[in-house]
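For reference, the structure I am asking about is given below.
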Amino acid sequence: MGARGTARILAGAGPRVISNTPMPVRHFVKYTFLKVDPAWRRLEWERRAEDKREFIAACDDFADGHLLRAFSLVGTRGDADLMLLTQAQNLERIHEFHVVLAQSGLMKWCEVPYSFLAMTKPSEYSEESRLEVRPAHGKYLFVYPFVKTRAWYALSADERWRIMQEHIKVGREYPSVDLNTSYSFGLDDQEFVVAFESDNPADFLDLVQRLRTTESSSYTLRDTPTFTCISCSVGRALGGLDGAALTVTETVDG
Amino acid sequence: MGARGTARILAGAGPRVISNTPMPVRHFVKYTFLKVDPAWRRLEWERRAEDKREFIAACDDFADGHLLRAFSLVGTRGDADLMLLTQAQNLERIHEFHVVLAQSGLMKWCEVPYSFLAMTKPSEYSEESRLEVRPAHGKYLFVYPFVKTRAWYALSADERWRIMQEHIKVGREYPSVDLNTSYSFGLDDQEFVVAFESDNPADFLDLVQRLRTTESSSYTLRDTPTFTCISCSVGRALGGLDGAALTVTETVDG
Amino acid sequence: MGARGTARILAGAGPRVISNTPMPVRHFVKYTFLKVDPAWRRLEWERRAEDKREFIAACDDFADGHLLRAFSLVGTRGDADLMLLTQAQNLERIHEFHVVLAQSGLMKWCEVPYSFLAMTKPSEYSEESRLEVRPAHGKYLFVYPFVKTRAWYALSADERWRIMQEHIKVGREYPSVDLNTSYSFGLDDQEFVVAFESDNPADFLDLVQRLRTTESSSYTLRDTPTFTCISCSVGRALGGLDGAALTVTETVDG
Amino acid sequence: MGARGTARILAGAGPRVISNTPMPVRHFVKYTFLKVDPAWRRLEWERRAEDKREFIAACDDFADGHLLRAFSLVGTRGDADLMLLTQAQNLERIHEFHVVLAQSGLMKWCEVPYSFLAMTKPSEYSEESRLEVRPAHGKYLFVYPFVKTRAWYALSADERWRIMQEHIKVGREYPSVDLNTSYSFGLDDQEFVVAFESDNPADFLDLVQRLRTTESSSYTLRDTPTFTCISCSVGRALGGLDGAALTVTETVDG
Amino acid sequence: MGARGTARILAGAGPRVISNTPMPVRHFVKYTFLKVDPAWRRLEWERRAEDKREFIAACDDFADGHLLRAFSLVGTRGDADLMLLTQAQNLERIHEFHVVLAQSGLMKWCEVPYSFLAMTKPSEYSEESRLEVRPAHGKYLFVYPFVKTRAWYALSADERWRIMQEHIKVGREYPSVDLNTSYSFGLDDQEFVVAFESDNPADFLDLVQRLRTTESSSYTLRDTPTFTCISCSVGRALGGLDGAALTVTETVDG
């Protein structure tokens, strides 16, 4: 979990003290997963093109001033085709975007099989955390909702801090993998939404397998469903629904 | 969990004795979550306008003499679009309202993915509890069904009272968050329906995360699904289904 | 759990011995929960009236010689609209009724989200049990499927008997609540179907909450979903699907 | 679990040694549960009659040389209407039957909510097991998928054998109940498919309740869903979908 | 788990050391399960033939340079009809294939009830593992997603290695069963996708039942759903959806 801005771990400095002062830079983060009704693909080409244009217009409007990222899940999941990641300081702005989006022709044929609402927040265990989701900088985003056991929260803050340092140390051995954690306590069904970004799925797989043997792993209650999301433009994500594939630049076995 | 009427915690006074005398002021509380069939958005504008007018008329009729509050979930959940919170002393009145509502054009295209029936009741642990849901006084309502472990109920009343005092004490450090608890034992699948009201989601998130480390938290069996509900008029909640967004008053990142 | 015919608890007499002699009076009991497709409400009034008439005719036919009771769940649940409780000594008669019912127009638009098959049986712990469901005698029926932990069955018969006496004793403090237990071992997914009848939901709620602190409660594996069912005629239950509400006789907050 | 051919329990003889020699008599057993779309019942009578004729033809073809049994679940379950039990030594033959069946008009309106694939196999604990499902010999079949806890498999073979003898002994006290167990390890989601046959549901219910108190019961991980299936011809099972009930021969309360 | 290329178990040599050097030969493996809408079977024959031709064309295109295998689940499962197993070094190529496939007429009537994404990886416990899925070499493929308990990962590497040797030893006693394990940590909901290949379901069933008694089995958290997949050409798998069965070569009871 490598090149992350001003990464400084205060190893040995003990748990951080979190103040209750206002944090104006905290943002809402919304993960919206979409599944298109197969019947939509049976519509005329022109109808589908218009439906997609309206969807893109809604995204463009929001993206003018806010972060919006699109991902395709075609070929990686069976229960979702597309994921939109949006961010705003104001929850009403997230709401308004989804209202406008719902007016697009495409959304009249979509379900939302998964939806995660979260906020950014400074980490108790690391100063590497960010208060904003960063623009696209990796080919893949690996996302899952995360809930810890109550036994975890019964540990002392010192003990939790110690255990997390091992977790963070292992992560640092995989510098090609970058982490975004956001918080959902009380806002949605999970406690955290964890999103790893990487160009190299094999590295990420190896990291996750290795983390299973750390002490912190034993306090995981739930870390599924797990989504492999292919980063792309909104236009390309929509193209993946009924035809145009992402450009493929294969090396060996293409 | 702050400015709540005549809040008086009898700290150190031990568990309250609940009498079995009639409590005429207890109310039924009903949370009805609605999800609109995407096909409805494909209907003509006039049809949808009429469908919504009939829905509003049913709500207006009930609201004349009873509490009814509306919330939008567009942008916060994927499996529900709208929530109605209704209250009456008489269960038949709640039933009658839902019968009339079902006659509206909009309900002919709606499912009810979640539904919670509960009653108000004095708390064993605090004198701050209310026997009526209050009119709207916050921008957001955070709702979840709640079930405690059977280990909780095996504790003595004194022990449960002691543990709850810590919980209540932490809550009081977040005066911007207000709590309504209602009871569903034997009436519905959960034991309690918990509803927190606040203008500040970040404060509420911090409170819930902090409560994880209290002793009472270890007795939680289930506290999901968790809904972030945006308080608004019935008309605006319906507007969110097919077009008109809530008015957005953004400060910085709008 | 009060005025129940010839209630006689043989307190202190130890577990009852159940003989294996034929019990000709045992009955099959069937709880059938129905959910109407919202599209049905979009049909013409005449079509719906005819659909309901056919449904009523099937019920009338069965009710001539067997117990049949109807309940509305409109306003108390989101996943079921109507419940029929039928009883017969002969399982083929229950089967035949459901075949005839399925021919009615209304059932061509219905799903059966929940279904519980059970039989009456003398209780091991109380002589208050009945071998027939009684005709309607309360405004509400509270129904849930019930499964005990295997730890319960590992106790000795004496120990189980002792624990159940406390449970029964608490129940007797709520004379407005009446209990019907039927048995589903091997016939359906639950072990018991528990049905409480009362005119007073608040009393029942208080009883269930109080029972959580008894020893027997710790042996509960599953007691959901829990249904609040409003007792009414078949005609009124059908009226609740598309219009005519039950007559409301409100006292205070009408 | 009574009159089963050459029943001989080698009580006290210890666990049986299972050889790895080829067992040519082992059969595949398939339980296919069907649920008819309510919309099918809205089709014309002639269309439905033809749909059923095609279904019967597919069954007749398979039954010429293989065991096929039909059961109605109308009135006993809400999530399935019909069950077909088929048996063949060859899995391709089971596959082929389902391909042909799918071509019938009726299957174009059916879902398969439950499906269990299994094989017959000699029991480790009893010589009463059979390698073929027997033709119909009881009015009811009670079926459930069965999974044991891993703690069971951690016991020694001797210990498991000892525990099963108590289980078998209790079963023998109910001679009106006959048992078929088939094995699904690695083939399907369960470990076993258990099917009890009896003319007397009350006896079977009593047996299952009594077995809860045996030691073997504590090693049950899952034994649901549990299906009460009414044995009948294919034609009568289809008649139960849209009209003709099974002939009812009631004694007392009919 | 027999004749697997250059199988060499370094018995007694202790856990293997896995290096972090690039592994260019690792492949992505995708299991895509399809369920056809029953309504598709109601379409005209010509329409269905064209829908299938387009599906085959997409498969042929991918199979020119990559491994693609087809399996029928008709008659073995109720919730899936067909499974495609695809493999590529490049995830974009897997994505692109599913985009092209989705354009085929058949996919406009299909759902994807199950989907497993994984990668090949050298095993920690055996040198028999492969980095590519092999072409068809067995009549049946038995597939399930696999998750181990966190207690497993808390064991030392030496301890895990010791336990796995017993598991591997039992597998070797069933030389007719061949194993492919792929890894999903962080990519999908499971940790592993396990696929056994064999011509003999009875042998495989016996192996899985026998493995239940090994120490490694007690560390299994989830190993369902379990799919019995019949190996065949894409054309035959599609024929199984609406008519033409696989050729049956039965020996005895056909």
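Some points to look at:
Order as written gives the chain letters A, B, C, D and E; numbering starts at 1 within each chain.
In this section, a contact is a pair of C-beta atoms (placed from the backbone, for glycine too) under 8 Å apart; a residue touches a chain by one contact, two chains touch by 3 or more.
Since the structure is predicted, the reported quantities are computational estimates derived from the model, not experimental observations.
In the contact between chain C and chain D, the residue numbers used by both copies make up under half of all numbers at that interface.
Computed centre separation for the pair chain B/chain C is 28 angstrom, with centres defined by C-alpha atoms. Averaged C-alpha coordinates put the centre of chain B at 46 Å from the centre of chain D.
Across the assembly, chain E contributes no residue that touches 2 or more other chains.
The sequence of chains round the contact ring, opened at chain A and continued through chain B, runs A, B, C, D, E. By the touch rule above, chain C contacts chain B in their complex via residues 38-39, 41-42, 72, 74-79, 140, 142, 196, 201-202, 204-209, 212-213, 217-218, 220, 224-226, 228, 230, 239-246, 248-254.
On the side of chain E, the complex with chain A involves touching residues 20, 23-24, 26-28, 30, 32-33, 37, 65-66, 88-100, 102-103, 107-115, 117, 119, 121, 150-151, 153-154, 157, 183-189, 191.
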